[in-house]
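Both complexes below contain chain A, partnered by chain B and then by chain C.
Moving on to the complex of A and B:
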């Protein structure tokens, strides 16, 4: 059930009416029933996977909380009679027991994800290396498996760390895992954030509902007016690589950047908007990423919940584990303070980016994409002293608008160039295509009308340009606070003019009909 | 505390760590800095800061970080 389908709109409307009709104490149950219906729509057998993750994580977390509670009660009751060493030994034994539950659940669920998502990638590498002919398994991937697995494992690790107690109710936990607006493409929420509003009783709140609907419309605008339209040109460029080299590849990089931004942020707008309509607050996943001045900042502002997930559950634990601390000590002794202290940070960064690449897709394209991001981050870090020297030497330059614009443009171009690995069939082809930018010399295609022959008319390009301008203006306004709040304070004529323009924009300029296909969201595939 | 301030100043000489209490909230310290601090603290104080302690409250100021180090030393 695509967000952009009529079925989904009908489903959403029915859910909305029922949600505010049923007694408030049943609202979360309705959301759970709706979420399972939404999930089953993709194939009833897929429910088995999400159910396994839900039940095992719920049970393991519950066991961990019971063990933690029992232990702290025992320590409290025997505080006086236990020696320091005995307390330490008890804590260590308790931690070991909870670790067993955590590891069992973690390995089971990551194992399911790994088998379903990476078996064929593994087989294709084996076949390539050993010249064998092992048949592919071609497992069907359950919808949003990477998202709901990561969200559940985040919960499991938080309970293991004692950040909060496990959720007692299986039904409530099942809703956290399967909440239908976010199950297919995130954001990857944290339980303590989401639980604040997910299970509450929500009276009809006109402000929340109105703002939610506005955000949904804005998401549909980005997705259907911009992303699904420019997708036609991107597909033409990347599916016929031999015909489109040189400057065309450069065009593909920027068109794909626009498509992915409109697609993914549009999808998240719809998700957060729907949740808001039901009174549920979801965390933001983007913070105007294309305004970032460097790569590290870009990754703090793009797909934020994925970045923080990898940071909190992989980067930090790897960086501060005992072997890494030992390595750090050894490298400082052998390589000196300055170089030695970089070793653990850069090693952990490399591991995290390798996994991030793999999480995005089972192909070398994504792994190379991850490692290139890692390389840029490390090089930027190494250039820090140079930047510091530059800003000290030319303090006024760094504060100018033009310098900031240069930084933003540089980051946008760099990220767009690396992101093109998403598009082409394999890594060698991608590098070949990018190489032709510097060798082909066909720059005239950017201005001689050739770009108008990519399956889109001049009118379509006009709509895309208007859409991009609209996104830019909204982002600029959003820098100083909520756009919807600001709009709500405008005179009624202007306010309703904007609402009508947005609604009619989606209705009239949404990419429907021959040549267009309201496509799946790109991040649904992850 | 002196040793901790030296570790911090080495990373960001421009920051007044004795007064600043928004090191994380104001994005002065990033994740690279945090790991550098943890590895340096491990060398200097022989204390391993576990991943679950890497939360803004513990890293927002030099004082909070020092309290954490003392707490972990005490638990050891």
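Moving on to the complex of A and C:
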């Protein structure tokens, strides 16, 4: 059930009416039933996978909480009788038992994800290296498996770390895993964030609902007016690499950057808006990433929940694990303080980016994409002293608007260039295509009307340009606070004029229906 | 305060609904100067009632029979409910709908659509279905006709289908926003130009010549519907060279007509009797007849229907005659205008004609 389908809109309308009609104590149950219906729509057999993850994670977490509670109660009751060593030994034994549950559940669920998502990638590499002909398994990937698995494992690790107690109710936990607006493309929520509003009783709140609907419309605008329209040109450029080289590749980079931004942030706007309509607060996943002045900042503002997930559950544990601490010590001894302390940090960073690439897709292009991001981050880090020297030498330059604009443009170009690996999905081809930008010299195609022959008319480009400008203006206004809050304080005529323009913009200029291919959100594939 | 809020909501809702209605009117195709057959189905409602014969079917009816000739020569009142690639279930639901407006004595169904057992093409569906007024017949026809890519809601709110026409809007869309143009003669689409048959098709062998169960199901429903309403059902096959009408299909139709006691007329076998000459009576190499051919066919058909079903001659009825005189006048005016255009431009400039070879833009 595509977010942009009539079926989904009808489903959403029905859920909305029922949600505010049923007794409030049943609201979360309705959301659960709706979420499972939504999930089963993609194929009823896929329910088995999400059910396995839900039940095993819920049970393992519950067992861990029971063990932690029993141990804590025992220690409290026998506080006076036990020596420090005995307490330490008891804690270690308890930790071991909870670790068993955590590892069992983690391996099982990541195993499911790995088998379903990466088996064919593994086979293709084996076939390539050893010249074998092992048949591909071609497993059908359950909808949103990367998202709900990561969300569940985050919960499991938080319970293991004692951050909060496990959820008692299987039904409530199942809702956390399967909440339909976010199950297919995130954001990857944390249990303690989401639980604050997910299970509450929600009376009809005009403000929340109105703001939620505004956000949904804005998401539809980005997705249907901008992303799905520019998609035609991106597909034309990418699917015919031999015909479109040089400046065309540069155009493809920027067009794809616009498409991905409008598609993913639009999808997240719809997700967060729907949740808000039901009174549920979801964390933000973007913070105007294209205004970032450097790569590190960009990654703090783009797909925030994925970045923080990798930071909290991979980067930190790896950084403080025993082998890494030993490596840190050894490298400091051998390479000196300055260089030695960077080795474990850069190694952890590399591992995180390798996994990030792999998470995006079972393909080398994603891995190379991850490693290139890592390289840029490390190089930027290494250049820090130079930047510091530059700003000290030219203190005024760094404070000018134009320098900040240069930084933003540089980051945008760099990220767009690396992201082109997403498009061709073939590493050598991508490097070849990017190479032609510097060798082809066909810059005239950017201005001689050739871009009008990519399947989009001048009118289509006009709509895209207007859409991009609208996104830019909203982002600029959003820097100093909520755009919807600001709009709500405007005179009624202006307010309703903006609402009507947004609604009609989607309705008239949206790329939907016959003649347009209903396109899945890009991040649904991950 | 509450009152003001309710008033605001009401005003906004009215403006929104009004705006959407206006946009829908603006963006929906008008079919004024191009693909004018898109207006055929909607044209019926201004002419409904008082017809002794109603023809139902695809282009083989709306291009091949002249109801004005039936009137002028026999005093038979008739209407053609035809549309491009009209599928058999669409014909059935159009019959059903027609019977809500009038009870003709005879309904004539052109059997070419028996060859289609499944939904075919969204664009053709639109030309048949958009023009129908809302009724259970329309709903059922939409449901039966939709291809996989179509959604029912887009028939309910055509704006959802035609929203992307914003970049194709022309003066025609504004000029005919709240009106339409008179172009048809009781559902007949006139063309006076001539483009003779140059070659006869050699049939491509088919894997299966059997008409589908769906086609038979709807033909059975037509038989029952007509029987229940006391209407005589006649089956016909127009004299079109293309698409090819196979002997195996002909055999099935003959068997069906005989089994159900229906009159079946295959005009492909009556070329001598009707006088159809494919050197002079077609405007597109044998796909459709021109005015000359349509009048010849109407002359033959009128005699056949009058003799078989004793259809009354209404020419003596002053009220009916006055109404039809006006239709005749419009018919002959258009005929004269088309001949004028042919002489002046060499092709039917305002009537969908193609420039002769060598004169294209």
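Following the convention adopted for this analysis, the second predicted complex is superposed on the first by the 522 of 526 C-alpha atoms of A that agree within 3 Å, B and C clash if a C-alpha of one lies under 4 Å from a C-alpha of the other, contacts with A are read in each partner's own complex, and residues count from 1 in each chain.
In this text, a residue touches a chain if its C-beta (ideal position, glycine included) is under 8 Å from a C-beta of that chain, and two chains touch if they have at least 3 such contacts.
Values in this document were obtained by computation on a predicted structure and should not be read as measured data.
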item: Which of chain B and chain C A:288 touches, first, second, both or neither; value: neither
item: More chain A residues in contact - chain B or chain C; value: B
item: Which of chain B and chain C A:510 touches, first, second, both or neither; value: second
item: Chain B versus chain C as contact partner of A:328, first or second or both or neither; value: first
item: Chain B versus chain C as contact partner of A:341, first or second or both or neither; value: first
item: First (chain B), second (chain C), both or neither touched by A:316; value: first
item: Which of chain B and chain C A:457 touches, first, second, both or neither; value: second
item: Partner chain in contact with A:419 - chain B first, chain C second, else both or neither; value: neither
item: Chain C to chain A touching residues, read off their complex; value: 8, 12, 15-16, 19-20, 23, 27, 122, 149-151, 153-154, 159-161, 163-164, 166-167
item: Sites on chain A touched by chain C in the complex; value: 6, 457, 459-460, 492, 496, 500, 503-504, 507-516
item: For the chain A and chain B complex, residues of the former touching the latter; value: 88, 161-163, 296, 300, 311-312, 315-317, 319-320, 322, 324-325, 328-329, 332, 341, 344-345, 348-349, 381
item: Contact footprint of chain A on chain B as seen in their complex; value: 27, 30-32, 34-36, 38-40, 42-43, 48-52, 54, 75
